[in-house]
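Two complexes are shown next, each including chain A; its partner changes from chain B in the first to chain C in the second.
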Partner chain A sequence: MSANETGREVAQLLFRAGAIHVSRQQPFILAAGWASPVYVDVRLLLGDPQLRQAVSDLAARYAGAAFPPGSLDAIAGAETAGIPFAAWLADRLALKLRYVRKRPLGIGRNAQVEGGSVEGLRVLLMDDLTTDGGSKLNFARGLRAAGAVVEHVLTIFYHDAFPGADARLREAGLTLHALANWGDVLRAEAGSGLSPEDRAEIERFLADPVSWSTRHGGRASLAPRT
Partner chain B sequence: MNELLNWLQQQKGSLRTYVEFQDRALALRADAPEQAALLRLLADLTGRFVEAYDRQPLSAEIAARALDQLTEFLGKAVGGRTAGPADQLALLNQIGASELA
Partner chain C sequence: MTAQPAEMRNVFSGDEGDRVLAEALFGSLREATGDGVGITREAYSERESLALDLVEAKARELGLATERDAGANLVVTLAGREPELPFLACGSHLDSVPQGGNFDGAAGVIAGLAIIARFKEEGFVPRRTIKVYALRGEESARFGKAYMGSSALFGKLSTADLSVRDHASGQALSECMRAVGVDMARVERAEPLLDPATVAAWIELHIEQGPVLVARDLPIGIVTGIRGNIRHREVECLGEAGHSGAVPRWLRRDAVFATAELITHLDRHWRTLLERGRDVVITAGVLGTDPQEHAIARIPGTVRFSFEVRSQNRETLEAFYDLFLSECGLVGEERGVEFRVDRRLESAPAVMDAGWIARLKAAARNLGLPDEDIPSGAGHDAAVFANAGIPSAMIFVRNQNGSHNPQEAMAIDDFLAGIAVMRDAIREAVR
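Moving on, here comes the complex of A and B:
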């Protein structure tokens, strides 16, 4: 299965879950400060057995193709939504499972990691969503501080409208893998229930997300800020 | 405290604003121990907001309202540093009884 086919299938699952929220009147403020007319709640895939099995199958198929057998020792789920996806993937790939907290709890090298030692393990970090990559860097730092070798991040959806995440993660020695992104959502749109007006607004946003954000009260530049 | 207020006034009020505010407020307690209770309450207030909206859709309206509220609390605290104990306690109680947005 090609990356495009995987992306389109994941996008269709997101539509079936009702995870693509569009608000033309009142934008959303994303964690990094960008204003956006769309919000993707990947966690809605968790609740339905058919949807979660389907997305887990797609993740396992992707990981099987992207990572040669024997190249990973463990999957680490990012607190909170990354944990169930990581658990299902670890199960399918018969790999160890860990999870990594947003913040250290307690003291010592393992303060951010739960589920056992990651010392010397080659760990795939898994989360539900990536926007600017900021939280992934934090999770990877926590895993590395505990001795893990972390070179890859896998997310179900990559909110790839705003530039910079790929480069930021690459600088930190991380390769980002995403099962789906905005291009996949638009390609999967037929029959999805996305209205022509919503689609047009998403396309306006994607054509120049920084200007769209600026006009709607969000962050206005790529310079780091909160 | 002034520096924290100036910083806050330049933010857009995304969730990361509140995560960083919490860290800054807790760190500031070492430099301003006389404001430790106030800073702890503000840090807890922002922490609860982060928990409530972590990976939830945060509308621009709620983001703006929360930022205004936090800025107002901090502004009152900065402006009331010379106020009497009763007024300072009243502000602490007001913050302690509040939630953002």
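Moving on, here comes the complex of A and C:
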């Protein structure tokens, strides 16, 4: 199964879960301050047994193809929504499971990691959503501080509108793998939930996300906050 | 020097008079009400009165009729051909926060004055009378409540509002209003000093107090709506003081830790609401332990802080306020403290008039200026006029460095552009 096909299927699952919200009036303000006409709530895939089985199967199939057998020791779920997805994937691949906190709790090398030592383990970091990659860097730092080898991040959805996440992660020695991104959502066939107006708004946004954000009162440049 | 200012002068032909008037008035206001750091003309203070006097003297010099209304605001009038018609009102406020900027408020008053001064000079007699208001008491810094001047006009100050005391002098709002000449008998009866039916519209120019016009590189913006707010001047977190070394964690009732946790929870709710597309901002701008008793080695028993939530949407305001109260209860239960709130203060969100928005946009386009929408994050007197049922509109002028600080910086050319748009829109409406 090609990455494109996985993307299309995951996009369908997200539509079925009602996880893709489009607003043409009041923008959604994402954590990094960007204004966006779209918001994806990947957590809606958790609730439904069919949807979560389907997405876990797709994740397992993707991981099986992307990572040769024996190249991973553990999956680490990112607090909070990354944890259940990581658990189902670890189950399917018969790998160890850990989870990693947003902040270290207490002191010691392992303060950000739960579920046992990761010393010397090759760990795949799993999360539900990636926007600018900032939180992934933080999770990877926590795992590495505890002795893990972390080279790959797997995310269900990659909000790939704002440039920079890929490069930031690459700079930190991380490769980002996304089951689906905006291209996949737009490729999903008509009638799957996007009205023509919504689709047009998303396309306008994707054509120049920074100026869309600026025009709608969000963050206006890629430069870090001064 | 770039070519741009010269080009702009050509666009707004005849604006030399506006420039001279603006520079003269901003200059004399700065001189008279500067405090060495910024500008101080607090609500219902002598310095505020001084600012009104200066503008009034200038208006008389220009041959315009002036008076003080029952709210002790300055009103400058250009009589219309049909004076029995509801009049068109414009202007803004002349008070400032302590060590504030010179343009916040004053820009709108000067714009109104420049507009009718030019009409008079041209011999243009409008159909309706035009009144320029220099309002008092817009800033909440002194008494915790904003828009006191405009609220008084519509009988909207409660007994509780009027009895709030200024922290510095201990004087009640009602005393300070009386001292500058407000007709307090009527205000205390909550009697409107101005009948909304006699006002055809309220048009207010103001500097933008956020960074959006600068970020979008626009000289002006047309305001679509104004955020309302719910506030407490003081929330008290009551725990128990104790020795910092002797009391174990499980026995502590630490007011600082409880307050910090409350604010962290509110921040999470805020972030979630933004992700779901709600308009909301929250602030705790005043916060502290009591300097009389706080110490490094003492578990703080009391923290006092202010709370403010703002939104364009009334339902979001109420929903966030409910979250605030329920978080106070939950954190209080978990940490053995009690949060006590003082009187709830509120200002309703306001929607600007669609007809006037269209008129201002058309005027901007005709002048070759951008006509883009901008919501107002800060509150303005225009919200009070709008909520009194008067069609209201606002123009924002680009301003660097935010406001409520001495660094606010409006370029005079942007101001002239704003005046030109407002003048053309008003001329069109009162022809």
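We take it that the second predicted complex is superposed on the first by the 224 of 226 C-alpha atoms of A that agree within 3 Å, B and C clash if a C-alpha of one lies under 4 Å from a C-alpha of the other, contacts with A are read in each partner's own complex, and residues count from 1 in each chain.
The rule is simple: a residue touches a chain if its C-beta (ideal position, glycine included) is under 8 Å from a C-beta of that chain, and two chains touch if they have at least 3 such contacts.
Nothing here was measured: the structure is a model prediction, and the numbers come from that model.
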In the superposed model built on chain A, check whether chain B and chain C fit or clash. clash
Would you sort A:144 into first (chain B), second (chain C), both or neither based on which partner it touches? neither
Looking at A:217 after the superposition, I want to know if it touches chain B, chain C, both of them or none. Which is it: first, second, both, neither? both
First (chain B), second (chain C), both or neither: which does A:39 touch? both
Does the superposition put A:61 against chain B (first), chain C (second), both, or neither? neither
Quick check for you: in the superposed arrangement, does A:31 touch first (chain B), second (chain C), both or neither? both
Is A:23 touching the first partner chain B, the second partner chain C, both, or neither of them? both
Identify which of chain B and chain C touches the larger number of residues of chain A. B
Superposing on chain A puts chain C and chain B in one frame; which of 61-69, 79-87, 223-231 or 259-267 is the clashing stretch? 259-267
Let me check the overlay on chain A: which residues of chain A are in contact with chain B and also with chain C? 21, 23, 26-31, 39, 217
Given the complex with chain B, which residues does chain A contribute to the contact? 21, 23, 26-35, 39, 41, 43, 80-81, 128-129, 134, 216-219, 225-226
Residue ranges of chain B in contact with chain A within the complex: 11-17, 19-20, 54-55, 57-61, 63-64
In the complex, go through chain C and note every residue touching chain A. 212, 215-216, 271, 274-279, 372, 375
Chain C-facing residues of chain A, complex: 21, 23, 26-31, 39, 214-215, 217, 220
